[in-house]
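Next, two complexes with chain A in common: one pairs it with chain B, the other with chain C.
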Partner chain A sequence: MTTGGPSADVRARRPSTLAEGWRAYRNERGGVFGLAVLVLVVLLALSAPLLTDPAGLDVTRVEDAPLQPPGAGHWLGTDESGRSVLLLTWWGARVSLLVGSCAAALSMVIGTLVGVTAAHFGGWTDTVLLRLTDFFLVLPALVLAIALSTVLSRGVFTIVLAIGVTSWPQTARLVRAQTLTVQTRPYVERARALGGGHRHVLGRHVLPAVLPLVFATTTLTVASAIIAESTLSFLGLGDPSRTSWGAMLKSAMDTGAVTAGAWWYLLPPGLGIAVVVLAFTLCGRALETVLNPRLRGEGR
Partner chain B sequence: MTDTLEHGRPHRSGTVPRTLGFVARKLGGAAVSLALVAVLGFFLFRVLPGDPARTMTRSAPVSAEQLAQLRHRFGLDQPLYVQFRDFLVNLARGDLGTSYTYNRPVTELIGERLGPTVLLVGTATVLAVLLGLWLGTRAAWRHGTATDRWFTSVGLTLWSVPTFWLGLLLLMAFGVGVGPLPGLFPVAGMSSPDVPPGVLPRVLDVGHHMVLPCVTLVAVIHAQFMMVMRSSLLEEMGAEYLTTARAKGLRDDAVRRGHAVPNALLPTVTLVFLHLGTVVAGAITVETVFSWPGLGLLTYEALRVPDLPLLQGTFVVLASSVIVMNTLAELLYRVLDPRVRA
Partner chain C sequence: MTSVLRLCDVSVDYATPAGPRRVVDRVNLGLDPGGTLGLAGESGCGKTTLALAVLRLLPRTARVRGRVLLNEQDVSQLTWGGLRAVRWAGASVVFQGAMHALNPVRTVFDQIAEPVRVHSVERPAVSALRERVRELLERVELPPERARAYPHELSGGQRQRVMIAMALACEPSLVIADEPTTALDVVVQAQVMDVLRRAVRERGAALLMISHDLSVLAGTCHRLAVMYRGAVVEQGETARLVTAPEHRHTRELAAAFPTVGDAGSRHVDGSAGSEGRGNALLSARGVGVTFVDRSRTRTRAVRNVDLEVCADETVALVGQSGSGKTTLARTLLGLCRPDTGRVRYRGVEPGSSSGSLREFRRQVQLVAQDPTGALNPRHTVYEAVAEGLRIHRDVVGEAERVRAALEAAELRPAADFVGRFPHELSGGQRQRVVIAGALVLEPAVLVADEPVASLDATVRGEILELLLGLRRRRGLSVLVITHDLGLAWSIADRVAVMRAGELVEQGPVERVLTEPEHEYTRALLAAVPSLPRVVD
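Take a look at the complex of A and B:
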């Protein structure tokens, strides 16, 4: 294992490593199930504009009775202004998935940067960054996200920022620990001895070794980011111009659908969140097991 | 992580100075965190909005004169460094400013709402920890069996459910009632107006109001404790001292209770405290759903306006209490675990 940069034979080995990983992943029943569900949900979310008419989302253009129970006209009933709950749920998936993945990606970038920097440069940098990470790790993330999305202007970008900025500490801890381990390996030492600078060592040796595990954690972060998005929308901090699952549940509560017993309005968005979050969780745990059998699904 | 490294050093020069050093380091770290909370609180609610007066009045049309008055009332017309200095001085005195909507001191408002939150969150956390540890132990001990799979699936599913949604469902099913089923529990608040006098009826009334919010919180929170306990115990179960214990002729039950569980409990304890932040998050949404008159509902009321001084107050109080609890846990962990101490 003393290869320098990615030489020809390393490049040749990469596809087979991927195939090996996929074979191991296939053995994780939960992971395969989660992945299947995710593919289905993503396809549905992407096809919403093709298969449905967004005019049905416009309050001013629907003429059906409000809070209708499920029936022939509307399979999942209608909301407080007569819109189809099925249509709302379908379109709501787009916001939840978009915000969840973007926020998780942002959290991954921040976490990786902080973790790698702390571990690689050590000394004071490490002390300060570790202190900061521990601070944000303990700080109740939702409270901070609420604060951020209250003072900034409403919108999808604000929500992504609020969740991304508050959910990176776990990734940073993990990346720091992994980087510390990787750096002691002989091939990294060799690269450094041969005069490899920070950029070379980090870009060619440390990051490629750390990233797979980061990817697994990020899959889990998407799950918690989707929950966070729905919670913020439920508290009325979401983008008012878009339908999301959390916003649907907020209007269900505000307009008395709960006291009216309108279960058809309450169940679909909640089940949507639960199914997507569970799917991401299952995928993330399966990835962790594949990449690091010792973890045994310790994440979260 | 650095602690374990330092304590792994071969030369051991007395336990007392090292313990003192550890305590000092933890307390120092907590002090830095609390200072960061204060700075962050100021930055979030005074600097980031640009013009806090405009943010607070964004839902209602106001004249330039009213805005100027508002700025003067909250000291927003001062330079930022003066505002920051005043904020710190007042914070040290326990003064969190005046609420914009209630026109009363924020400290007073928070003080009124603290009791209900501590009651609800405290009860729910204790129940969730007990339930989670018990289920986690059983799942790990029967690793790979149907029981294990069943517990894990239920736990993961509950963990994937947004707390507020579960609350809404329970509210509809057991508070309002569905179909022929009548509502069994109150739908909002902490007490009824028509309670007969006396201590016992009042306690029972509050308990009755607490059932649904408490069940919601326990259902969601216990899952993570269960998963942590399960994996922590699974790690212990491969240990050699368990084989020794079995070889001594101890029954399975005694091995589990006397040897495996106490050791697996320690990492779980720290994680329980690390997850206090999520408990606080759950409290905010659950109190909103059930109109429980605590800090969570106060936060929700504040963010709707937004009442920035009040929101700043709840932010500082919630964040600092989580930090304080965590530090206590880390100190306690050291007392509990002789391996870390030695």
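Take a look at the complex of A and C:
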């Protein structure tokens, strides 16, 4: 481009719309709380290798007594092999968050692709893709995920895949509906009359209008993906070499920690799941409210 | 003599974060029983706010000062119960846009009977209600069977009649009609106005009618008041006001709606003779378009149409809504594929391959009906105008060309506009941006679909002036699609009249609009509300 004038001006304007969005977001108290919790959890999860020694997770290298109640040595007690529950929970957050966000991202990509394609091209494409979406929608997601993780090799990637391919239909439906609405706008017709092809219409007009909504849904999907991950791990379908919150709950069940009254082994991962899921849900709802003006201002 | 409505020094302020904003400024108006008063003004001049203030229907942020006397009662002093009794039984409203003012999930009967029910002391018998609704429907000339219909089963004109029947349900002494015919085309507008006029006169109710169109008001009201920026700038007898307007703004309003047949409102020199010019730029031959809906019913939206747009001429395509004008325009633009016939540009058919279609679209550009919708709210003016160039990968000197296009569309200085977003512009400026977006590709033909229908009276004139200027300076051919014969009269060389998908008549404007051959053209002309010519 020959001049920096107009585009520089645009660059200056974009942050101001972002700032406006942030102001609206700040009015959502739940959203701010959720965001604060998430930032804290993510920072802790990322800094785990810096602040703690992963050697403590190795069963062969711990010497403490199993199933100790919380005390001075171990703030949250120890598990059946004498590892610190605090350390396990800390490291477990990494897997739970990783699987949750990757699965949500995967489901977002599939859902957006299917939804936009179906709505934009219409006709047969729409019919076929919609039937496919309906098929995945009515399929019991957990059963499919179990089947998938049994067939494929065990590991984090398998879990991500299993959750991702079962949770996209809602996103696809939503994106399709939104695309249909956006496409009836006169500016899309104008773009076509200017000579714009599918790529132009989708890239410049449809996707930018659909994406904010997709982000809000994805945030909500992360929450359900974390629950799905915990469920699958709890059922013993996770990666056995890595600690996750679901896997912790499973071993607590398996080793009789529950009957032994070792509440300190069950509560931290359980609360971890509840808090992170709640935080994601709060953020997602707040984002939805900010991005959807129809929800904004109601109930005040 | 007691008056039905008297406004004494009425002002309305809206509380905004930036302090109170005055919307209505010390208005004094009076209306006698059975009288008719027209309130004219542009959008945003406060006329609707004033009307809603009569029934205290304004939002909480509004603060009303002065006295509103309805049947000699001060509305602001009424108790909640007293206010409810006055609403609808004392004064009723025919709202703008019947599509949204009617409840889509209730039948016409339920909705007309609702005010009767609410205002009856004891529960009225269903048979009595049925009789009443039947009588009301007859008064607005709707068949009584329509009482069982839902709003979506009715046409726009029928819905507006249902609104009128609702307004008359409690025999109010005042009916307030807020732009009752805005979304309707000329023929339906004439019918609805006729019904409203008669229904109000028969019952001896007073009518306060609000419109931006002076000619519609002039046909109905005995007195007119013109509002401008919240204040009434002129009021008086209709005949006096339209023939000898005193205020500048009244003159502007009157001039914005040209009278067909009046040489003063014709802005082109049609004597050049545009028939048989031969070198057609854009032509349609035997074009037919058929839609198939969900229930597999075939609708022939356009049938066997022959139409040409030659170099350096303005063609107007007129017809009622639903006559297939827009479908024909989309077909000419290649946005819609004809089932039969051919569209040619300079004798060549735009191919179906994306490359040749793209080249064709460079030459034939669209100016859409609603400039607010036609601009992506996320794109700046610069991006909106440059969009065409970017699509055609023709970005050499982009910034220069965008600036030139903006200035050609009379957005000067262009630098002030490039960084703005559509919501920061007025309606007229947005339409100019859309026009600039088309001009930047240097097309040969512009297809303008109702280019001024959504704009205010005074802005209309400016946009039309712009289109005329573009033709003069660049020799740009324009196909204007409109339901407004006055518009066709003021800017077009040739006019084509469309009815139910077919062209019934076409020829030079002077001939077709002054000596129409087809009865449909005559019917259209008869329905146009006309203003006794303003003497300057």
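Convention: the second predicted complex is superposed on the first by the 280 of 300 C-alpha atoms of A that agree within 3 Å, B and C clash if a C-alpha of one lies under 4 Å from a C-alpha of the other, contacts with A are read in each partner's own complex, and residues count from 1 in each chain.
Just so it is clear, contacts are C-beta pairs under 8 Å (C-beta built on N, C-alpha and C of every residue); 3 or more make two chains touch, one makes a residue touch a chain.
For clarity, every value in this text was computed on a predicted model and none was experimentally measured.
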* Applying the touch criterion given at the start, work out whether A:Arg23 contacts chain B, chain C, both or neither, answering first, second, both or neither. => neither
* Asked: Which of the two, chain B or chain C, is in touch with more residues of chain A?
  -> B
* Asked: Can A:Arg61 be said to touch chain B (first), chain C (second), both, or neither?
  -> neither
* To do: Tell me which partner A:Gly195 touches in the superposition: chain B (first), chain C (second), both or neither.
  => second
* To do: Name, in rising order, each residue of chain B that touches chain A in their complex.
  => 1-2, 29, 32-33, 36-37, 40, 44-45, 48-49, 55, 156-157, 159-165, 168-169, 171-172, 176-179, 187, 224, 227-228, 231, 234-235, 274, 276-278, 280-281, 284-285, 288-289, 299-300, 303-304, 306, 308, 311, 314-315, 318-319, 322-323, 326
* Structure fact -> Listed in rising order, the residues of chain A that touch chain C in the complex are 1-3, 5-7, 9-10, 13, 185-187, 189-197, 200, 204-205, 208-209
* Could you please specify the touching residues of chain C with respect to chain A in the complex? => 333, 335, 354, 357-358, 361-362, 365-366, 368-370, 373-376, 378-380, 382-383, 387-388, 391-392, 395, 397-400, 402, 415, 418-419, 421, 434, 437-438, 441
* Structure fact -> Contacts from chain A onto chain B in the complex sit at residues 130-131, 134-135, 137-144, 146-148, 150-152, 177, 223, 227, 230-231, 234-237, 246, 249, 252-253, 258-259, 261, 263, 266-267, 269-270, 273-274, 277-278, 281-282, 296-298, 300
